[in-house]
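Just passing along the structure, written as structure tokens.
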Amino acid sequence: MKEKNNNEVLRVENLKKYFPVGKSLFASIFSGKEEYVRAVDDVSFSVKEGEILGFVGESGCGKTTMGRTILRLVEPTSGKIYYKGTEVISLSKKRLKSLRRRMQMIFQDPYGSLNPRRTVAETLRQTIKIHKLVNSKAEEETLIKKTLEEVELKPVGEFWDKYPGFLSGGQLQRVSAGRVLILQPKFIVADEPVSMLDVSVRVGVLDLLLRMRNKFGISFIYITHDLATARYVCDRIAIMYLGKIVEIAQTEDIINKPLHPYTQALISAVPVPDPTVKIHDLPIKGYLSLTSDLVSSSCRFYPRCPYATKKCHEEEPPLVQGERDHYVACINYRKSKSVY
Amino acid sequence: MTISPRFLRRLKKLREFFSLLVRNRMGLVGLAIIILFLILAIFAPFLRTVNPTKVGTSKNILLSPSPQFWLGTDDLAKDVWSQIVYGSRISLAIGFLAAIITVFTGSLIGLIAGFYGGKIGEILMRIVDFFMMLPMLPLMIVLAAVLGPSIWNIIFVVSIVSWPTTARVIRSQVLSLKERTFIEASRCIGASDFLLMFNEILPNVVPIMFAESVLMVTEAIYAEAVLSFLGLGDPTAISWGMMLHFAFESGTMGKAFWWVLPPIACIVILIIGFTFLGTAITDILEPGYKEAHGF
Amino acid sequence: MGLKGFAIKKIIAAIITIFAIVGVNFVIFRMAPGDPVRMMFRDPRISGEQMQLIREKFGLDKPLWGQFISYLKELSHGNLGLSFWQKRPVLDVITDRIPQTLLLVLTALTIAMFLGTIFGALAGWKRGTRVDSFILSLSLTMYSIPAFSLGIILLLIFAYILSIFPLSGMTTPASGLTGLGYWKDVLWHMCLPAFSIIMWYIGEYVLLTRGSMLDTLRKDYILTARAKGLKESTILIKHALRNALLPVITVTGVNIGFAVAGVIEVETVFSWPGIGRLVYDAVMKRDYPLLQGVFLVFAISIVLANLVIDLIYGYIDPRIKVGGEKK
Amino acid sequence: MALLEVKNLKVYYFTRKGTAKAVDGVNFSIDKNETLGLIGESGCGKTTTALSLMRFVTPPGRIVKGKIVFDGRDIISMSNEEIRLLRGKEISIVFQAAQNALNPVMTIEKQISEGILEHESITEDEALERAKNQLNLVGIGDERSKSYPHELSGGMKQRVMIAMATVCNPKLLILDEPVTGLDVIVQRQILSLINDLRAKLHLTIVIIAHDLSVIAETCDKIAVMYAGKIVEQASAVSLYKNPMHPYSQALIKAYPSIKGEKKKLKSIPGAPPRLVNPPPGCKFHPRCSYAADICRKKEPIIREKEGHLVACHLN
């Protein structure tokens, strides 16, 4: 496990994040047992240099929490995170700050992720100041200008003094990208960066991410509930269900040869913008339950799985290699391959 | 020094705010009332007719209004108009000072409690809740009685009783701001807690602090009036509440309405002035905030 | 957490609060500069020997912590000390005054809440109309007038000048009235003080209900109700009012604290023989044990009132009743 | 005959910053048992159009002009009482964000039965019975009938909303972004439900969405809105296979898909225009790659061409 791959930017090992249910002071005193939502439960993976790894799942599957935990916006319950060999979780505040120049995040909500009382230039200037990126006022102006051009907010003068309230969602998301890009990071977690944007500008922002990767070699974790956009930008995709990775493979393998029944359900549920394609009912049943009422020793997808057997209830399937780069966590995988 | 464009923008916003305020009917009335009393307080030495503390001769006791005594005299033959003029000083001073102290303390505690949540926040809020549970006026009376009568004690008492309200309002604002992604985004960029609190959150709650201060002024003016009326005021200072107290105690109230009505009118009008101003400000700055305060 | 858990939580919180109030009450009266005994018994005729006795009786010779323990012990026996002014146990003095205050306050509050809610809801429902701005500006004005000022004005006009109502007290002295005649007399005396409290409190309620109503009317479920084709009156009563009153109920608890303030002022002005007037007398006579006792009674009754209101709220709001307190 | 005919509808918002022409001369019609999809980006006026159909536009907004003829009667000139009797009975709407559109302190069966009681003369018990049947119909067991909204998941709340809207067998059902904010799997379940109900109850539907892929299969006819106007209208298949307006073309090209080969997508440059001060001429011209001189000066009128209605100078 410890063997280090040179072009590996991020490695996550057995990451766990449990949230206690009922956080109130009283509740924890008077009810003896502690209950948890296992938002992220024993997740391991790695991201290579210049790679875009997608995390796809429904809301509540833990993908956002995982992204925030990697950047230590949330402290994990346990596990290890390595950025180019440096362990992130045990870092002091000061070291963490310098690491923030290398690891960054783009958030989902473009309307909320910029301070409404700051202009575009002031937002970027704030980042420059926090990390003391430049020495003179003139350099600062040049850097801001260059960054705004990089994220295609041109002509720069038109955006310089604008408050966020006067920009569209797509433009705001570009400012957010610029604020991050100015630090010259090596790794970015993009948490649903286009889900709140209009369709007509989504592709523009996705293309920006791709260009950031191609031009600066930045690695990404792209978190989304939308397999279609994930397919568009990702090299590899991991499917998450209730805190666990249930399948991880190269993008086209996931799309064309899904192994896990949940992945199959997800793929057949994705809407297709073609009126000639007919909707068929899903093989999946029930709803996603977020409470911790599952027995920890069963497959989490068991209650909704059309192929579930008694064994699925008794045993939690490990993530095993199916084909060369294709991992899946399903007991039935080998024997029922023909079924799929 | 050259004027920065940022400063100019602020100035423009301030001007815009005032033009909106003046166009708001309540705001205009409130502002006019407050300015009137400010003039009264500042120019008190020129506006008074006689020394308000001077006890007059016995033939001048309880005189009704006349060209010599504009608002008549009290039972010690002191001039009512001059007392009214000087009383505005006490009310405004106590109002402003108590409001500043209250809003400063309350905002700081609200900011910390909201920002840190967790144990610190919970403990702070329990304290706030506890204070809010205490009956305000009895607490003020008890404190004022124990500490002894002085203007500074009244300011202290009003502040200690009022800060929890502000703390609560600010905290709820901070809590909702904290949920906004830009705070997390700034943290992710590397901003320290201090920077987050004072550079990201604070500018967003300043309008509310401003509105809150105006409301606190009314609380303080009211508190001073009641405490003084109940005989807990500073006997060496002339205030409207004290005038009412002496009138009430003298037993001659029914015969000398010129002694009673002016201080009542002043208290009520000044409080209405600040209430109107506060309502107008919240109306302009934060449409959602009004409902939170029940206006 | 269901209704039971919610209730237990609230009750425990109330008990803790009462303990804290007792503590604060104790501390405040030790904050006074100078000898507490001198402060408590400002009687120059008191001899050194007597003082020593009092010290021992109140445990003032012990260290602060010991004093607190004996204070708690006395308190648990219902002993709030001796009123210097009335030379009787404080508890007796206070209990004598409770019925009068309750009569005045409950009458006034019920009327004020009833009218205030109706006018507030009306103003909110008719938002932006003339009715609304009339009710709103009147309420803001009423809300701005301290209760004692209003009381004095009413006293001047209706008692001194017009002589329609009596000047002070709760009954006509030495009238010897009984039965219905007695109650008529009380009612006659109560008119002005009750009216002062109602006017002051009504403004508060109008503002509150109106704000809550506006909040509710903006909610999507009101639009849903309209989309169902319901009558406006049905929407108002079944959807808007019920949801709008929920926050009003919680704030009622807090408001009882304000009502206490009104009571002190009004009872003082009209010499109504209740607890409020007792506060004034205790202040004038610098009767600290009495003041301490009255404060304790006020504070505890507010906590209990709040508790009752919380429990009612928990029963009314299904989000608490069924469990799963949601944000 | 068309069940609903909207003629030259104009809805303006009179704000402090100026007049926003949210809906600016919209025409369309729907036949019985037809499903019309109204798609467009946020702020294009699609929701305002839907609200106008039930006369739910509130100040500062106002219906300035136009006719909405429903079943032979003009909705705009109706009295308040007349329109009220229509709402929920003949025209129903499911609002966006179902979680806020339900009353939090009322059981769901009460909320459903309420509408029946208003429009039909039946007893309360019968109404509750109907509400339970309706819950079964939308796939929520009637054992849930006494639940409060906060006890239900987002998808279930949306089902309750649909149950509520269809309980009186309306002639016209309006669905405003029925699956926005729901997870893909729930999305699919809701869409299947809508298709089921459409067949079972013979519904005529107006469905509003910002996402073409969501409504592609459900609709017979699609109208594309841009900045308060319909720029193209055609049968769903034809619009998808052969879009004529540059905006429709660009929109279809901007959708990533998981079916078939992975293809390079093209985004539309710029941002949707503000409604207060829209560009002169064709409102799409600043973002249009074919824009010519005439597009900047003259606003195109909608014309028929090869079965499409399209508003473009170049077509």
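Points to keep in mind about this one:
Read from first to last, the chains carry the letters A, B, C and D; within each, the first residue is number 1.
Here is the rule we go by: a residue touches a chain if its C-beta (ideal position, glycine included) is under 8 Å from a C-beta of that chain, and two chains touch if they have at least 3 such contacts.
If you're wondering where the values come from, they're calculated on a predicted model, not measured in any experiment.
Minimum number of contact steps separating subunit B from subunit D: 2. Of all chains, the one whose Cα centroid sits at the greatest distance from that of subunit A is C. The chain pair A-B and the chain pair C-D differ in C-beta contact count, and the higher one is C-D. The centroid of the Cα atoms in subunit C and the matching centroid in subunit D are 53 Å apart. Averaging C-alpha coordinates per chain places the centre of subunit A 54 Å away from that of subunit C. Each chain gets a centre from the mean of its Cα atoms; for subunit A and subunit D, those two points are 32 Å apart.
The touching residues of subunit D, when paired with subunit A in their complex, are 41-42, 153, 155-156, 183-189, 191-192, 195, 210-214, 216-219, 236-237, 240, 250-252, 254-259, 262, 265-269, 271-272, 287.
Taken together, the subunit D residues at the contact with subunit C in this complex read 54, 56, 84-89, 92-93, 95, 97, 100-107, 114-115, 118-119, 148, 150-151, 161, 164-165. Residues of subunit A touching subunit B in their complex: 25, 68, 71, 73, 97, 100-101, 104-105, 107-109, 112-117, 126-127, 130-131, 161, 176, 179-180, 183. Residues 219-221, 223-231, 234, 238-239, 242-243, 246, 316-319, 322, 324, 326 of subunit C are the ones that touch subunit D when the two sit in their complex.
The touching residues of subunit C, when paired with subunit B in their complex, are 17, 20-21, 24, 28-29, 31-33, 39, 137, 140-141, 143-146, 148-149, 152-153, 155-156, 159-160, 167, 204, 207-208, 210-212, 214-215, 251, 254, 257-258, 260-261, 264-265, 268-269, 279-280, 283-284, 286, 288, 291-292, 294-295, 298-299, 302-303, 306.
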